[in-house]
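Before I ask anything, let me first share the structure, which is written out below as structure tokens.
For clarity, chains are labelled A, B and C in written order, and residue numbers in each chain start from 1.
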Amino acid sequence: MTSAMFIQHFFNALTLGSLYGLIAIGYTMVYGILRLINFAHGDIFMMGAYFIFFGTVSFFLPWGVAAVLAIAAASLCGVIIDRIAYQPLRNAPRISALISAIGVSFLIENLALVIFTGLPRPVVQPEWLVKPLAFGNVRILPLGLVVPAISFILVAALLWVVYRTKPGLAMRAISKDIETTRLLGVKVNKIIAFTFALGSALAAASGIMWALRYPQIHPFMGVLPGFKAFIAAVFGGIGSIQGAMVGGLILGFIEIMLVAFFPEFSGYRDAYAFILLIAILLVKPTGLLGEKLEEKI
Amino acid sequence: MQQKKKNRFRDTCLTIIVIVLLGCFLHYAQNHFNGYAIQIINLVAVNAILALSMNIIYGFTGMFSLGQAGFMAIGAYVSALCVLTPEQKEMMWILDEIIWPFSTIHTSFFVSVVAGGLITAFISLLIALPVLRLGGDYLGIATLGFAEIIRVVITNATPITNGALGIKGIPLHANMWWNYGWLLFTLYFMIVLLRSNFGNVFKAIRDDEVAAKVMGINTFKYRVISFCIGAFFAGVGGALMGNLITTIDPKMFNFLLTFNILMIVVAGGLGSLTGSILGSVIITVLLEWLRIVEEPMTILNFEIPGIPGMRMVIFAVALLVIILFRREGLMGMREFSWDSVIGFLSRPFNRNKNADTGKEQA
Amino acid sequence: MTPAKHKNLLELRDVTIRFGGVTAVRNLSMDIPKDSIVGLIGPNGAGKTTVFNLITGFYRPNEGFIRFRDRDITGLPPHRICGKGISRTFQNIRLFANESALENIMIGCHVRRKSAWWMMPLLIPSCVREEKNIRETAWKLLATMGLEQYANVPAVSLPYGAQRRLEIARALATEPSLLLLDEPAAGMNPQESTELMDFIRHIRREYELTILLIEHDMKVVMGVCEHLWVLEYGQCIASGTPDEIQKNPKVIEAYLGEEVFDA
């Protein structure tokens, strides 16, 4: 393997990793607040991709406008899902909400199958994004630079919201103790909806960039990235935004490098993440940057 | 005491009558029903076994396991490998030659199903030892992960499993008698075990694991036991399923399969054996019936094309409705008993007998 | 060394446990004589329940050891400790909510069971017989506790007082020699707590128990306990007979303002 190839792999991994990271943030925020694995999150990612596809192809919108609209629509979907499927189950056993989430996920996937049909659709990439840039003998797609850059900007913006604004403060308070926060007069359901909106926006952004990078979309495209992103969130320490991003990057690197260096194992490409998950849960269930939760006896 | 014994005698008689009636029905169905109807009746039995296997793990012991499809895959593959003749296997394995000892094994159908169950139980034990230290949703995700790993391993272990091509032409051994025989055995096993104090121990772990530990229950051990029993019957169910549809491949054992079983268990009632049986009858029939919406149909000369995916949309909505509005499912944690049936049937008579107290009874 | 030489059923020696930076229990030593009723008191958050969790194996002490019947039980898992003969109740009642009163007690009987689970579906006679015995024992225990009427009622639907009694009955079903009661009189009126005192003495006689209890109701503590330990901020600040404790200035200071000794 030449160093040029390695650099190309590096940028591929960085792209994939930051896309995983963006999805993982949604998982980690919702889990941090509601202790709920939002199974439908991967499907929001898929919807982001479909929205941009229809925005650009059917309505001939410019990419920027379409992207903003797609993100807004996906956020709205996230909020609606929370309102319909999760909010009524706030006081139910946690697993009930999880089953509800699984139901929503199946609903969205199959609804997409019904509405958009199962046909994979090709996405037309803007030319300037896929015209390789040459640095000596290293050839990098502009996407390999643009995607990580946008991702990091988005994460920085999110961190600012969570740590520097009032709703962010409320979010952090809810994740510590939802009841006390409610008693302090915070409109908990609104903040939770806001959390879903933020998480869904990032997932949609990831879906849009995914559609640009791997230009084919289909109704079940969110399932595997969704799982992997959840694993990334666990890996980074569930509840931690920085952890989710780090976990996503690590997962992206493992995946790309595994295929690059051990092509004979590429059949196991989709299993490694689960092996990683089980290993993490057994060795350090709190993940890299997570906090420990003590069960009270 | 006298009354109790009399009741037990009565219940045993009634149960035997019902089993005989079921036998008569199956006999009649076999001779008079068409192949499609028989297939559905068979599927009901297999789904019931699978639902019971998930219910003991989740409904009775409180471990949210999403590994059912993986267990079924193991059972189905083991059974298929056992039941095919060496010649068939040699013909079918194109990508890689099948390796010894799988190339020479050839057993009867019954042995193949038992082997499927036992090997699934053994593998589930290996999975349980690390994974059952987790609780709640993490356990669900980890078992789901294992199911995926099993699937990927089966896809890649071509010398044993024929990889992505799957196994075709499994002889259709799983007739009604086998399927319902296994269902009765499963039911017997579950009823005897779960009605005993061991069943109480499982439920104690479900309700309050800390208190169960204080009561001297080795909760980890009993979680593992419950998990392995569930896996055994999931393996059996998978083996029967494979023999029923005669073709298996790794893609078949995806999360959707687990989702269907979860749906049956939740709809029937978590922690109710009766619920799982009722649930599997209703859901299986409903799922087949819903195939209509995916097929093209003509209403008043208008041709409506089939809508692929519509079935699962309706299905997912149904699950959501149940979990949002009737979380305890059909039966809650209640069980069928002859007392309640007789009480229900004799209600009109009682009402006439003491009309003045009728209101209170209702 | 004969066990008879040691009259203490349970011994804690210099037990310390820390959570993160907080020392929840520091250098606690206790000797609980056989057949006694003793108490552990102290203000809220003093670490009393933590001591119970240490004894029953939910926490492992960072330092020190715990001996039961002259055997080291430090660090054993909770179910093993129950098997050795220590049982407990919880401050916030922890019954098996969906199980009936009878089943709750039967679950307590499980720890003494000898047959294994797989014998049950095979209907092996010894196992079936044992099953029957467990059911009978549970019925008897239910009757002694006056809970017969609730036999088939799910524990969650029982009235509060019955739940408290059922929790004790369930603990007794494990055939303990040491019973730990965590605030048994919580939520009881004066008359009920007087009855409780008689009840505690009664079960000690009847089941040859040694009892350690945590209690805030000083009337109960002073009335029933033969020896007391006082915990404050995880440290034992006094121990002695109820009379000695009542006069101890340190204890009075710890409880200052709570006016618990008025009763």
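One rule holds in what follows: contacts are C-beta pairs under 8 Å (C-beta built on N, C-alpha and C of every residue); 3 or more make two chains touch, one makes a residue touch a chain.
Only a predicted model underlies this, so the values are computations on that prediction, with no experimental measurement involved.
Chemist: Taking each chain's centre as the mean of its C-alpha atoms, which one ends up farthest from the centre of chain C?
Modeler: A
Chemist: Central chain, going by Cα centroids?
Modeler: When every chain is reduced to its C-alpha mean, the one closest to the whole-protein mean is B.
Chemist: How many Å are there between the centre of chain A and the centre of chain C, using C-alpha atoms for each centre?
Modeler: 49
Chemist: Which integer distance in Å separates the CA centroid of chain B from that of chain C?
Modeler: 42
Chemist: Which whole number of Å gives the spacing of the CA centres of chain A and chain B?
Modeler: Distance between chain centres, rounded to whole Å: 34 Å.
Chemist: By residue number and range, which residues of chain A touch two or more other chains?
Modeler: Each of 297 in chain A touches at least two other chains.
Chemist: Two-or-more-chain contact residues of chain C, please, as numbers and ranges.
Modeler: 58
Chemist: Of all residues in chain B, which are in touch with two or more distinct other chains?
Modeler: Those would be 210.
Chemist: Chain C touches which residues of chain B in the complex?
Modeler: For this pair, the touching residues of chain B are 188-189, 192-193, 196-198, 200-201, 203-204, 206-208, 210-219, 222, 225, 271, 333.
Chemist: Name, in rising order, each residue of chain C that touches chain B in their complex.
Modeler: Listed in rising order, the residues are 56, 58, 77-79, 82-83, 87-88, 90, 94-99, 103, 106-111, 113, 117, 120-121, 123, 131, 134-135, 170-171, 173-174.
Chemist: List the residues on chain A that touch chain B in their complex, please.
Modeler: 35-37, 85, 88-89, 92, 94-96, 98-100, 102-104, 106-107, 109-114, 117-118, 219, 227, 230-231, 234, 267-268, 270-271, 274-275, 277-278, 281-282, 285, 297
Chemist: State the interface residues of chain B toward chain A in the complex, per the touch definition above.
Modeler: So the residues of chain B in touch with chain A come to 64, 130-131, 133-134, 136-138, 140-142, 145-146, 148-149, 152-153, 155-156, 210, 256, 259, 262, 266, 307-313, 315-317, 319-320, 323-324, 327.
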